[in-house]
Structure formats: structure tokens, C-alpha cells
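Okay, here's the structure, questions in a sec.
A, B, C, D and E are the chain letters, set down in written order, and residue numbers restart from 1 in every chain.
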Amino acid sequence: MAELLALLLICAGLGFYLAGAIGLLRFPDLYTRLHALTKADNLGLGLLVAGVALLHGSMLLALKLLLVWLLVLAGSAASAHLIAQHALRRSREP
Amino acid sequence: MSDLLIWPIVTPLAAALLALVWPSRATSIGIVAAGLTLLSTLRVAWQVSRDGVLELALGGWSPGLGIALRADGLSAILLAMSGLVSMAVAVYASVYFAGSAQRAGFWTLWLLLLTALHALFLSGDLFNVYVTLELMGLAAVGLAALGGGREALQAALRYLILGLLGSLAFLAGVAVVYAGFGSLDMATLAGVAAPVPAAWVALTLMTGGLIIKAALFPLHIWLPAAHANAPAPVSAMLSALVVKAALYLVVRLWLEIFDGVVTSAAAWVIGVPGGIAVVWGSWAALRAARLKLLAAFSTVAQLGYLFLFIALAAGLPAGEPRAAVMTALVLMAISHGFAKSAFFLGAGIVMQRAGHDRIAELGGTARALPLTTFTLALAGVALVGLPPSGGFLAKWQLLTTAIASGQWIWLPVVGLGTLLAAAYLFRLLGHAFAPGEGVGPRLAVGREEIPALALALTATLLLGLGAAGLWELIPVSAYAGRGL
Amino acid sequence: MSLTLLYALTGTALFLLGLRATLLHAGLLARVVALNVSGAGVFLILVAIAYREAGQPVDPIPQALVLTGLVVAVSATALALALHRRLIKEQAHE
Amino acid sequence: MSGLFTWLPDLLLAAMLVGLGWATVSSTDLRRSVALFIAFGLLLSIAWARLRAPDLALAEAALGAGLSGALLLAALRDEPPAGAVPEGLPRWLRTLVDLLAASLALALAWVLWETLSEPAPARLGEAALSALERSGVSNPVTAVLLNYRAYDTLLELVVVLTAVLGVVTLGRERPGYRRAGPVLYSLVRWLVPLLILAAGYLLWIGAQAPGGAFQAGATLAAASVMLRLSGIDSAGLPNGLAGRLVLRVTLSAGVGLFLLVGLGVMGTGRGFLHYPPAWSGGLILLIETAATLAIAAALALAFRGGRPAGWEADDPDHSPRERRP
Amino acid sequence: MLTSGALALTLLLLVLSLLLGLVRVLKGSSLEDRLLSVLLLGSGGVGILLLLSLSMQLTALIDVALVLALLAAVTAAALTRRGSEHG
């Protein structure tokens, strides 16, 4: 049962990943792409982490996985901000 | 236990660390370390001449799983040459770099270069050889760039990139060796290497990498600029020792480890470029406008001779004549090592005194710097290969073997190379003895002139008259189980 | 065809792509990048040789060699970049 | 069917590696080429994982994709704005290089095909694993690096030291970065402690699981890089004259301690680097700790691109006009 | 059996989505787009490593994912901080 749930979580996470990748490819401008990517990635990875943690079935590993997720979350939020800032600065001061 | 094998490596390494932490004493640390290293190399050479091959399995693991250091005749001779040359260079550099901003930087990198050279000569493991090659390359580049100036930096960069490419090709060869033969220990490989595709491709890749580093024509393009623009003590190390290290590996691979794999047809692949290098390098040296450039092109030519020797030896079956060619090869290599380092050190003195090294403007050198001019002439004698130098004996052996084995084609090559070398030497001396004031007034003999002269004397007299010892040492090989 | 072979051939391709680019490029930075790609190719060959199917232990020796090689590559890259920087400064002063 | 499933990701990964490698080396825009190289490193890290080389995956993530990328990105700042493109090779030479590369590729591919199609021969792996008990650690890669082939690793640390000394003698460091804005600053505030923590973890775990001095050193260096990027110029390196001495000692600590241990065990009547089995574990951890610090210091200096102010007591300014002595 | 099959499939799809990201890098119209793709490759890479840690039974790969995530943040900072002294 737990296994099935884990697989479902992983598959759902995967859906977000794919959506993010397609968004990256198809969206017209940088800011919507940025938005699509960070949202999709963070959610996708979150679901995936939950699934993987369930399948590994160890508390210690689950904590580590949570840390990985938080890292990616914070890292991608900060770097998305940096990228947007960078792009803004460049468009303001060519 | 042959713990004495570690000292030629550990001594300069420990001194390098000391010089890094205590830069104000770098010169004294460097000289003392050079002396101790010299003693350790002579001790190894003496032990090899007495007991034969020395082996040290590092960490107590059997070679293969672990790494072995080995010293045989070939490595002992090169090690001793390195110890002697670097001692002379150390004395010279203590004057050359006195008061210079790069003093501390020079000594640490120089000691690290010495570490790399000795580690390479003693290594018995192919991957370890790769690491020492990289170490040698990086230390040499750091030293070559010390001169500053656009030309020196550009030359150093080109040297670095080509050197890295060379070591990468070597590493690819090592990977194929491991895939094909399952070991990295050179003695084990000498026993199992068979003429199969893996051996051919591995040998091609490794040789390809090494001839970049050994500057075999037409891959010599990096050498003249790098050797001519480095500070004189560095040029001496690069020309005398660093290119020899790559050449040493080619000898090991072609004549010992993969002896059964190399065919006499393959020998032409390095013999022909070697022959071209002899003629072309000598010609370029004759036309060179600068003294250090002349010396650098002469190195290209001399390396050509050495590759000719390898090709000739590879074509011979194991036995007496082949051992003779091998010995002549080593004699040529070390007499070039001593002569060329003497030449570069002498050129450095001229350059410091005159502020330039344009050959056409060197009039008055003989009057102002008699001892250095004598050094240059003496080193030149060995480079041309006139008796009684070691170069003469080696070339004589080359010619007799070429005739005996019917490879007549090398006769005009050697003849032409010698004539051109004599021409560039006399051109230089002609300018040096011409009247002129370019070099300034005559001064007392400088401390830096003595080591240069000692090296030149070694190349001309000592090696020419005392070469007999080599004939006994060279056949002592750690890797030629079936050969020789 | 095995996994070993797949990655060994991939490594071969990368090694020679990088080697060719190192020789052909004129700019230093491009050559350094190409050298690094080339090195990665050689490392891939070595690690592929070490690989064994699940159940058998992998050969740790090539892996250790590659680790050594990686560190050497980074060191060489650092030296090349510093030389390049000094050269640019030197040229700017002329 | 499931065979295809397990195969396809590897095929895709291999194709992506080659494609990305090709794009990286053939791009004419340097910035693009560096960005692609970083992506290439990320993929490579996955490839190492797939080939059951987690130690390498760690090292690649930290060194290959991480620090090499940072080094190259920093070097982009040095490029002159409109650098004149030096002349390339003549056409016939280009063709020659192409031919050479193609024939070497074919030869190498053929030999690898021949040798690797057969079931793997014994090689040295079995010997390495069976001697593991006597090595003092349980991670086989660490055993190879710090025990069987410790001498290689010693020389490798010397390589790192040599390269960074070359960097230091070549010139002064690059100017620092602008002070960080609030977002970057908050990123730095939690990222740097985490990096240091991760370095300690990798160093400790290296004895029994993937990890070790190189991965730890690179991670620690990344902490310094992060500080430097955020405008904190000292970036964790010791300051002042006494600090420079500390820095020099740290740089030489990796090699120095290795040498001391190697020579020290000779006092017990063993050979160079031949650890007494009972002590191997402790000695290896000692060496690795020093090596971690040395590597971190070296990589941090390499990122700065030259010697920090006050590196030498009289700090000679190497002005570009300086001539040979 | 089901799990391992499903894992193989998810791994494949994740690699595919990475491939899509790569296409963006290669098409890359602007520098920012390339940075974005490096981000995607970073988080996608973390995902793949986590899945591999399951299918290969190699928990050490979680550590790799951790280091990858840490260094991806450093790289992102390095990418955007470039040239800040001129800006």
C-alpha cells in the first residue's frame, strides 16, 4: 500500500517536472518561464522526495531527503530572484 | 628494503614546503636541499652499480595493488645527472635571483620540479607516471612564466596547453593498458604485454602524448619560445632535464615494456621525424638571432638524435649491439643535459651583463667574460659532438650501428647535422671574439660562472673519458625481462 | 552491448571531440574548456572499465584514479586561467 | 520490455553527454560555452552515479560542475571586452587534425570494443577488495586513495600545491565583488554554514561510505567562493601578516602531514607510508583532515586568481613592466 | 517487480524532461535562459539521483544529491555575480 502511494507521489512529481520542462520550452518570455520552472520544479521535487522517502523507509534518510528538498527550494528561489534581478538590471542599463 | 629510493623525492619536497612557509630563507633552503638531493641520487646510483635493480613496494602492498619505486641502470644514471645539474643550477640561481621579487616563488617551484623529475625517474607504475608528468608540467610552466613579459607568458601558456593534451593522451593510453592487461605495474606489464590491438593503441596514445612533451618534430613548436624566454636557470632545467624525462619514458615503453610489440617498421615512425628534427633544428639554430633561441633550437636537433637512437635500437634484436645503442643513447642524453644546461647558464650570464642576447651584437664578450665564453665554447664542443666529448662517442656508435644494420640513410643526416652544429657554434664564437663594447668592461670571475663551467667540463671531458661506467650500468634493467 | 561498452564509447567520442577542439580553437578559455571535456572523456572510459553489473563489486582502482585525475584537471585549469589573466594584463599595458 | 526500459535512460544520457560535449566545445560564444560546460558537469555527475561510482559523483558535483564552473565564470571577467580573435589554423592543418581525431577515435573504439566485450578479467579489483580488511577503512575507493596508492595521492596533493603556487606567483588576485543585496545575503547566511557542515560530514563519512578529503575540500572551498561572491573580500581566509603565515602553513599542511606520517611510520621499522594496521584508520583520518584544509585553501586561492594582498612580507608589486632580474 | 518497472519508467521520463531542458539551453536565446536551464538541470539532476538511489540500492546517492543542490546554489550565484563590478 505504502509502495503504491509512493509510486503515485513519484509519478505526480514527474508530471510537474515535465510541465516545467515544457513551460521552459514554450513560454514566451523569461519571467513566465522563470515562474513556471521554479514552481514546477519545487513541487515536483517535493512530491518525488516524499515518494522516495517512503520507499527507502528510513527516518534518517527521510530527514536527509527533506534537507535536499529544502536546499533546492531555497536555492532555486534565491537564484530565480538573482536571475530576474540580473535580467532587469541589464534591460535597464544596456 | 630500499628505503633510500624515497630520498631523492622526499628531500626536495620537504624543502619546498619549508621554503613556502619560510620564504625569507628560501635560497639557503634551496641550496642545502639541492646538496642533500644530490647526495641521495649519488647514493642510489652507487647502490645500483653495486647491487643491481632496487625496488621499494610503497606502503608494503605488492606492486600492482600498490605502487613500486624502482631504480635500475637507466634511472640511476638520469637521477645522478639530475642531481648534478640541479646542484649547479642551484648555485647559479642563488646569484641570479638574489634580490629578485620572484626569489621565493622560484625556489619553491624549482624544488617541486625536482621532486617531480625524481619521482618520474623512479616510478614503477604507469598511472603514477601520469601524475608525475602532470606535476612536472605544472611546475615547469610556473617556472617558465616567471620571466614575465608577453612572449614568456604566451610561450608558457602554449607549453601548458600542449603539455596537458600530451598527458591526457598518455592517460588514455594508460586506460587502454588497464583494460587490456589488467595491471598498471610496469614490471608486470613488461611480462604480459603481447602484440595485440590493445597494446598497439595504448602505445600509440602514450607515445603520442610523450612526443609532444619531448618535442619531437613537428610537435616541437612550443619548445623554442618556452625555453628561450624563461629565466636562464629555468631554461637550463627545462632543456637538460624536463624534455629528457618524457624521452626517458619513450625509451622505457619502446625498448623495454612493449619491446615485443614494437616492430621495426614502427621504428621508422619516430626515426624519420627524428632525422628531420636533426637537420631542421640545426638549421634553425644557425639562423637564430638570439643566443638563447639558438640553444633552444639546438635542443630540438639533439632530441632528434635521441629519437634516431630509439628507432635504431628498436630495429635491433635484443643482445650486445642493442645494448651498445642504448648506452650510446643514454650517453648522448646526459652529455646533452650537461652541455645544454652549461650553455643556458652561460647565455644567462651574457644576457645579464649585456642586457640582451642578440648574437650579432655580442662583440667583446670574449674579452669581458673569458670564462663564460670558454664555457659556451666547451659546451658547444659537446653539442657538435667533437672529441673528446660524450657526444662524440655517442654519435660514433650511432654511425657504426647504422652501417652495420644497413640503415645508410642516417649517415648523411648525422653528417649534415654535425656540420650545421659546427657552423652555429663558430658563428657564435666569431661574434663573441669580435671586438666590441656591448658586454661592458671585464670584471672579476662571478660566482655564477663556476657552476656553468663545471657542467661544461663534465659534458666534454668527464663523460668523454669516463664513459666506461655506463656500459656496465645500462644493461641493469628492471623492466627488460626478455630484452637486452 | 553492455553498459560498460556504451559509456566507454561515449568517453571515446568525448575524448576526441575535446582533443580536436583543443587543437583547433584559438582562444585560450575555449581551449581550456575543450581540454576539460576531453579529460572527462578519458575519465568516462576508465570508470566504464571499472563497472560491473549489480551483484558484483565494482573495481575501485580506476575510480580512485579518476578521482586523482579530476583534482589534477581542476589544478591545471586554475593555473591556465591565472596565466591567461596575467597575459591579458600584460597585453593591456602595451 | 523491461530491458528496453532500463536501457533507454542510459542511451539517452550517453547521447545527451555527447551532444552537450559537442555543443560545449563547438560554441563560439565563450559565455555560452561555459554555461554548457557546467550543465555537462551535472550530467557527468549522473553518469558517475549510474556507473556505480558515487565517490566520483560527489567529486564531480563539487569539483567538476561546481568549482571548475566557478573558476571559469570568474575567468570570463578577465576577457577583454572585444577580444581580438587570434587567427586559427590553416585549412589543410584543420583537415589533418580532423583526420587524426577520426582515426584515433576509430582505433580506440575498436580496441575498447574488442577488450570490453569479453567478460571482465580479474584486473586488480578483487585484490583491492580482499585486502580491504587490512586497509583501516571500509570504503574501497578511500582504501585505494589513502592506503594502497597513497603515494599517488601524496603526489596529487603536490600537484594541487604546485598549481596554486603558480597562480600565486603570477600576479595579484582579482578585485572582489560588489556587496551582496538582501536576497543573496540571506542565501549566503544559511548556505555557507551548510557547506561547512557538509564538508565535515563528507570528510568523516569517507572512511566507510562515499566521500573523503577531495570532496570535502572542494565543498569547503565552495563556502569561501560563496563568501567572496557576496562581496566579503577576505572570504574566510586568514588576514594580516600572521594570517598569511597561517595560510601558507595550511596550504602545505596536506602534503606536510602526509610526509610526516609517511616518514614517521619508518620509525617503527616499516617502509615509507607503510602504516601499522592497527593505526591505519586513525592515520588516514588525520591525513585526510589536513588534506581537506589544504585543498580548500588551494581552491579558494585559485578562485581569487592570484595572491592576496600581503602574501609576501614586502609584497612586491609585480607590475606588468617588470623585466627579468 | 511493479516498483522496479515503474521506477525505470519514471527515470526515463525524468531524463526526457532533462533533455527538453537541454534543448532550451542549446536554442538559448539569452544568457538568462541558459542560467534557467542550468537550474532545471540541477533540480532535475537531483531528482534523477534520488530515483537512482532507489533503483540501484545506493543510498550514498542521496549525499550526492545534497552536494549537487548545495553547489547548484553556488553556481547560480557565480553565474549572476559575473561582471557585477562593471554593472
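In the analysis below, a contact is a pair of C-beta atoms (placed from the backbone, for glycine too) under 8 Å apart; a residue touches a chain by one contact, two chains touch by 3 or more.
Given the structure is predicted, the values throughout are model-derived calculations rather than measurements.
The chains that touch both chain A and chain D are E. Farthest chain from chain A, judged by C-alpha centroids: B. Chain C and chain D have Cα centroids separated by 12 Å.
Rounded to a whole number, the gap between the C-alpha centres of chain B and chain C is 28 angstrom. Distance between chain A and chain E, defined via averaged C-alpha coordinates, is recorded as 10 Å.
Chain centres here are Cα means. That of chain B falls 48 Å from that of chain E.
Residues of chain E found to touch two or more other chains are 16, 18, 35, 37, 42, 56, 63, 66, 70, 72-73, 77.
Residues of chain D in contact with at least two other chains: 50, 52, 74, 76, 104, 108, 112, 116, 123-124, 128, 148-149, 152, 156, 159, 162-163, 166, 170, 184, 187, 191, 194, 320.
Multi-chain contact residues, meaning those touching two or more other chains, occur in chain B at positions 127, 131, 134, 138, 141-142, 145, 148-149, 172, 178-179, 184. By the definition of touch given earlier, these chain pairs are in contact: A-D, A-E, B-C, B-D, C-D, D-E. By the touch criterion given at the top, residues 181, 183-184, 186-187, 190-191, 194 of chain D touch chain A in their complex. Those residues of chain B lying in contact with chain C across their complex are 127, 130-131, 134, 137-138, 141-142, 145, 148-150, 153-154, 156-157, 160-161, 164-165, 168-169, 171-172, 175, 178-179, 184. Against chain D, the residues of chain A that register as touching in their complex are 71, 74-75, 78, 81-82, 85. Every residue of chain D that touches chain E in the complex is listed here, in rising order: 2, 5-6, 8-9, 12-13, 16, 19-20, 23, 31-32, 35-36, 38-39, 42-43, 45-46, 49-50, 52, 54, 57-58, 61-62, 65-66, 69-70, 73-74, 76-77, 175, 177-178, 184, 187, 191, 194-195, 198, 201-202, 205, 209-211, 215, 219, 222, 225-226, 229-230.
By the touch criterion stated above, chain D contacts chain C in their complex at residues 10-11, 14, 17-18, 21-22, 24-26, 30, 33-34, 37, 40, 44, 47-48, 50-53, 55-56, 59-60, 63-64, 67-68, 71-72, 74-76, 78-80, 83, 85-89, 94, 97-98, 101-102, 104-105, 108-109, 112-113, 116-117, 120, 123-125, 128-129, 140-141, 143-145, 148-149, 152-153, 156, 159-160, 162-164, 166-167, 170-171, 174, 212, 214, 295, 298-299, 302, 305-306, 320-321.
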